[in-house]
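Multiple structures follow.
Presented sequentially are two complexes of chain A, the first with chain B as partner and the second with chain C.
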Partner chain A sequence: MKRYIGFLCLLMVTTLGCWNYREVEELGIVSGVGIDKQENTSNYQLAIEIVNIKGGQDGQINHHPVITQGQSMFDSARNTILRTGQRAYWAHATAAVISEDLARDGILSVLDWVSRDAEVRSDIWLFVSSEKDAKSIFLTEPDLNDLVSFKLADMVSAHNSVPKFIPKELWKFKQELSAPGQSPTLPTIRIVENNGQKVPEIWGTAVFRKDKMVGWLDGLESFALSYALPKNAFGLIILPTTIEGKSGVVSYEVFGKTTMHSATFAGNRALMNVQVDLQVGIADLEGITPDYRETTILRMLEEDVSSFIKQEIRQVISRVQQEFKSDIFGFGGVIRQQLPHIWKDLESDWSEEFTKLDVRVAVNTTIRASGLLTAPIQMRD
Partner chain B sequence: MRKIIKALLNPRKAKLSPDKQVLRGSLDRNISLFKKEIFAGDDTVVYRLFSTNNPNSLRCAVIFIDQMIDRESLMKHVIRPLMKKSIDATQLAGSIDYIVDSVITIDGANVENSLGKIVPNILQGESLLLIDGYSTGVILNTRGWAMRAVEEPQSESVVRGPREGFTEGIMLNLTLLRRKLKTPKLRFHLTKLGQQTKTTVAIAYIDGLASPEILKELNRRLNNTQIDGVLESGYIEEMIKDSPLSPFKTVGHTERPDIIAGKLLEGRIAIFCDGTPFVLTVPFIFQELFQANEDYYKNFLLASFDRIVRYMAFFITTSTPAIYLSLITYHQEMVPTPLLLSISAARDGVPFPTVFEVIAMGLVFEILREGGIRLPTPIGQALSIVGAIVLGDAAATAQLVSAPMIIVIALTAISSFAIPQMLGLTVIIRLIFVIIASFLGLYGYIFAVIGLVLQLTSMRSFGIPYMANMGSLHPQDVKDTMIRAPWWVMYWRPKFLANRNMVRQRKEANR
Partner chain C sequence: MKAEVISEQQGISIVLLFILGNALIISIGAQAKSDIWLAVLIAIGMAIPVLTLYARLHYLLPGMDLFDILQYGFGSVIGRITGLIYVWFAFHLGSRVLRNFGEFIITVGLEETPQLLPISILAILCLWCVKEGLEVLGRFSNFFTRFVVIMVLGTSLLLLTEVDFSNLSPFLYHGMAPVTTAAFKILTFPFTETVIFTMVFSNFQKKSSPYKIYLIGLILGGLILFITITNEVLVLGSELYETSYFPGYRAVQRINIRNFIQRLEILAGVTFLISGFVQLSICLLATCKGLAKVLNFDDYRFIVTPTTFLMVTMSILIYNSIIEMNRWAVEIWPVYAAPFQLGIPVVLWLACELKMKLKGEYPA
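Then we have the complex of A and B:
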């Protein structure tokens, strides 16, 4: 008997067919999806961007959106077969755009299938469309050999240099959704005109309370939000400056930024401290030529930057506190960690308590470099 | 009726076996014994009759096989002294010892009268001297035939290292080895294998280094072999090897004396076989598959790098098709998106499934390789052109095969040439991996790898674990596996082999 066991194993493997065998060219590789509610029904409508591959010697990929409907997310996803003959393959999807209506109704029902399905990756980028539907994002025309979703992924990967939105993966969004004392955000996409061509642009932030979208911050507010959050953000700071009676514009490039959140106990209330340290370089002088080799002028410029960032951060914090009542900064989580005895009292009604939270913002700027010019360009007659 | 058939099947038995016969007293009867019975119908046997000088003229004869002897020495040292001398019957005194002692001047001469001993010697190129009136003959050492010169072996060429290789003559081969190991402890044991071929086989080892147990076991296995002919050492290899069904070799072979010398110094045993330049070594373990003699002659860093490259080549040549197949047909999510898209684009329009592509292209390459080996060089070039253009370019242009598949096959092929010791072996492993991966994907591939490791670790070569040293982290064990340590830290010989005499060099001596 013993000698047949190996043979039996072989028989089991070879006669039961090929487990999960599928040829790569038969897959409809999904690169991204726009999720809408169908008008006047409870049905979902998906705009699935399938990579259309032209094979052969000079193989190329084409943009090929497929619009499907279904009673649930999964149903709509499966219905692609009816329109393309290919089963959609989701493992390489990079972007999911959710319409604003759907986001305002609550996106948990969308996220359930997206996170439950074995193929969709948990590092797919989530967006909210600021257009009237998510479909229109995928109906824009990308360049040859490019796809809308890949373009969005490219923008996200370079976002550190232009922190006007805060990218979010599916897993990160779910984590923020379930963390105590933290509300999630998603970046928003709008369509802009570029040289006569309609292209998507990621600009601004959708603010959520639980899974429902409650408000929207524009790109500049998102910039301030990036600086208020303990995460990497660089980008440019553009400041109108007046020195010695002359006024002009100075651009600073941020090289390094650290943001520390800490909670302290003041009186009998919690006090949040947001400490921002900036390392910047002078990137562009327009209209003025301050001699930044002088320590007094250097300190003045640094002070300018600090007060500007401080003001921007205070503004965005107070707007979020007053209008959205949603703790997208994660202050509650910091209090929970550092002042747990206070958190117990605040926890039950945190969204209300958050609006009354005192936040102290301190910004410290150091100008470290001035590009290739050690001094402003001198003009003489 | 049965008797006739038996007689036909065993013609020897009908007559008296030559082993039992002895020489007669008369020269004419002796010659006719050879002419009519033993070498009946064989025209290559030469019978040279002559007489010694007057007055006591004795009739003599020399029997030898044409072209197998050195005629010059026979003429100078045997025939000429006999013909010039007059031999008195009193000097002989009833025995031909006087001739051996005082007349003929050749170095090797034995007096013999049993045909059982004489005939094999004649067949090996010795000559027989017969004298009328005596029933004993003299076997003269006149061996000498045309032999290939000592050349660089084509199968194992080196950039740096000795350029000599073994030839087909065993005695010359033993000399080549002896010239490298000038120690009285180097021992050669000669035996004969093969009932018909009577091939000389020599076991060579260094006394005090080689394990006596392994030596005993080797002798037992050699003595147990019953075969009519041994034409090449491959016969012996298959008869004595452990794990006879495994494609992995457990007996090593080489054409180079320096490799044999190196292996003997590590306590191994070499088996020389007459008629082939390939010499066997036992025991043979896995790490030797990745060693080359040049590793020990060049800078240790470069040698170590080459070793690592060989191990990587082993992985690539056995696994690339299976991993490619699994990723493309089962685990598309593991492939980076741009790569998946370009593979998908390349596969678009190819009519065959990926499994078929892998197996068919692998087979085509093997045919190409096998076809190229034995072809004369001018035709071989035509073959490579056809292979490169038709299979490489045209097949991809015509979309019969996808371009990535050609790259995978080419990668496997190049890597397999980096480890020439395993050329046939990797094909089998690769095929098994591909077939299992085609049913179960990476899951199956991992199973196949586990199976391979189980097989390797369960193997032994003459009692030595096949994977010895491969799992060890001790510096003296690692020194000759994945890397080649510098000579000045190789203090010990491999401990599983030369455990009786471990010290290769004294540590202090190099300080």
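Then we have the complex of A and C:
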């Protein structure tokens, strides 16, 4: 008797998983999804990129997305079965592209299922398509990669060297959405021509107020935005410079950047301080040959960089304040943390108060290196 | 009934795992927002006198479990009735643990599997364990504590890359009130759920053992809970912590070291499984022992099987949905559990002290 019971238990334990067991070929492994509103209806239309491995030694992967429709996100996701016979498996999805229309209507309706469903992981990358729909992004050529989503993921993982967009994972977006005194942003994707092929390019930032998109920042403004935010950003600073009557272009490579936000009191009002410290190297001199061994010239170059970055940051801040009225910098959150008693008055009407907030930007640059050359290349007759 | 003695180390392990149990995986004390770490510390502080009181009961009346003590303190009739109520309490707690476990499994993993299945498998394992007795459970806990501690601390370390300290500020933004409420809730779940142990433990190696077991178990378990919860809030932020059913699981999901160490959710699952198993076994053991004592049976083992299956059924019937389950855990449980965990023990302790003084039976 005892043996039987033991055997039964063993059977139960070892066969339990089979209940939910699905063969790999029954699954359509989703790598990415483009989310659109179907024209003239309230339905969703998803372009689901499915990893479809063809047999053989090299294992070719095709990248044609499956287009499905449905009344809700989940409905559309499940309707893949009607088109492919496979149930979509979402745990490996890396990118979700949302169309601009949807983003302007409010992105929460899209995100609810994505964050509620246990299969979709919260580290999926979110994007907004700046083309007319999100589907077209997945119809581009992934050339080097097999799949558009993987290409997007590659771009994101290398973005630190080109901070012209700010990548956002689902969890981070939700955190910004629900945090007090903070509005979210998402990177945007456009399609560009490359050797006659259409390829996706991540460029710029979509600004949200609550969950509704209110506007764009282009790539250069996003660059300034990444310098204004307390996050890692490197990249290049390209600066037209005039020294000793000659003018040219100097490129600086940023090796280190720290941004500190702090809130202080100034005459009964909150004042935001954005302190940026840059460590740069001279990477490219074109058209001019400043002798940076001279301390005065070095200081001048440093001063140039500082004032340029300061101006860019101020510009983007004032544009966001005036046009979008959306605190994508998280200044409210800083005030809440550092001056909680003031925040209590501001909280109820923050999007209005934010436009009136005084922001002081200070940039401090140190030129730390000049590549392999100790001096500009000498020219002699 | 054979007297079952457990060593101090085993006792500490059981208490530690029991405290971690469900609390590791379910969001507790969320209303304290970013000050939740303080709430946990306050709860530990509040739990120390309560657990000392439980230990004192064992110290006063060695060789007795709660049901004997109730009969000693309140007399045979009232003692038996309160004993029965405590049996219900243990039974109900066990069902809740089972249900939490089942909901966890079907929410994060096996959505199409009927909940009954994972629940029954865990219950059958517990049945076996309880039939073998407290000593087996003690050895099991002693062995598996190190796994749980290593896994919990290990995942916390791996999460360091995701930590954002601004999630903990501003300090006391909403004042002290939500923190104290949260602390009280954390006190009743999980810390003073250890009242179950007064029903299970009766014999110790040394007279001072109960103090050591309860207090060291509490402090170690409390510290681990403190580390995990603080870490979860640091990683998720208090908003996400509050809206997640299983914040522990969600936090571990975020571990991603250079795309190499990632998808470690299963660790959270295993930790939960081990500590949930101990918690459930203790509840089951308490229920069976209590029933045997109250109804005057010699041995509890023969009612373990029916009780287990009753508990499985109960766990299915107890809530209609995970939404209800969460509401119960957060809103109703503290009020419901307070008399069992705080009220009756205090009265009982006073009664015992008084009775012993009058009879002059104080232990040396």
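What we mean here is this: the second predicted complex is superposed on the first by the 367 of 381 C-alpha atoms of A that agree within 3 Å, B and C clash if a C-alpha of one lies under 4 Å from a C-alpha of the other, contacts with A are read in each partner's own complex, and residues count from 1 in each chain.
Just so it is clear, a contact is a pair of C-beta atoms (placed from the backbone, for glycine too) under 8 Å apart; a residue touches a chain by one contact, two chains touch by 3 or more.
Quick caveat, the model's predicted, so the values are computed rather than measured.
Superposition of the two structures on chain A shows chain C fitting alongside chain B with no clash.
In the superposition on chain A, A:Val51 contacts chain B only, with no contact to chain C. Centred on chain A, the angle reaching out to chain B and chain C in the chain A superposition, using CA centres, is 50 degrees in steps of 10.
Of the two partner chains placed by superposition, only chain B is touched by A:Glu25; chain C is not.
After overlaying the two complexes on the shared chain, residue contacts for A:Val110 are found with neither chain B nor chain C.
After overlaying the two complexes on the shared chain, residue contacts for A:Ser122 are found with chain C alone; chain B is out of touch. Superposing the two structures on chain A brings chain B to within 5 Å of chain C, judged by their nearest Cα atoms.
In the superposition on chain A, chain A positions 13, 19-20, 121 are in contact with chain B in one complex as well as with chain C in the other. Considering their complex, residues 107-114, 117-118, 120-121, 124-125, 166, 169-170, 173, 236-237, 239-240, 243, 250, 253-254, 256 of chain C touch chain A.
Every residue of chain B that touches chain A in the complex is listed here, in rising order: 328-330, 332-333, 337, 340-350, 353-354, 397, 399, 436, 438-441, 443-444.
Against chain B, the residues of chain A that register as touching in their complex are 13-14, 18-25, 27, 29, 31, 51, 53-57, 59-61, 89, 91-92, 94, 119, 121, 150. Within the complex formed with chain C, the chain A residues making contact are 9, 12-13, 16-17, 19-20, 118, 121-123, 171, 174-175, 178-179, 333, 336-338, 340, 343.
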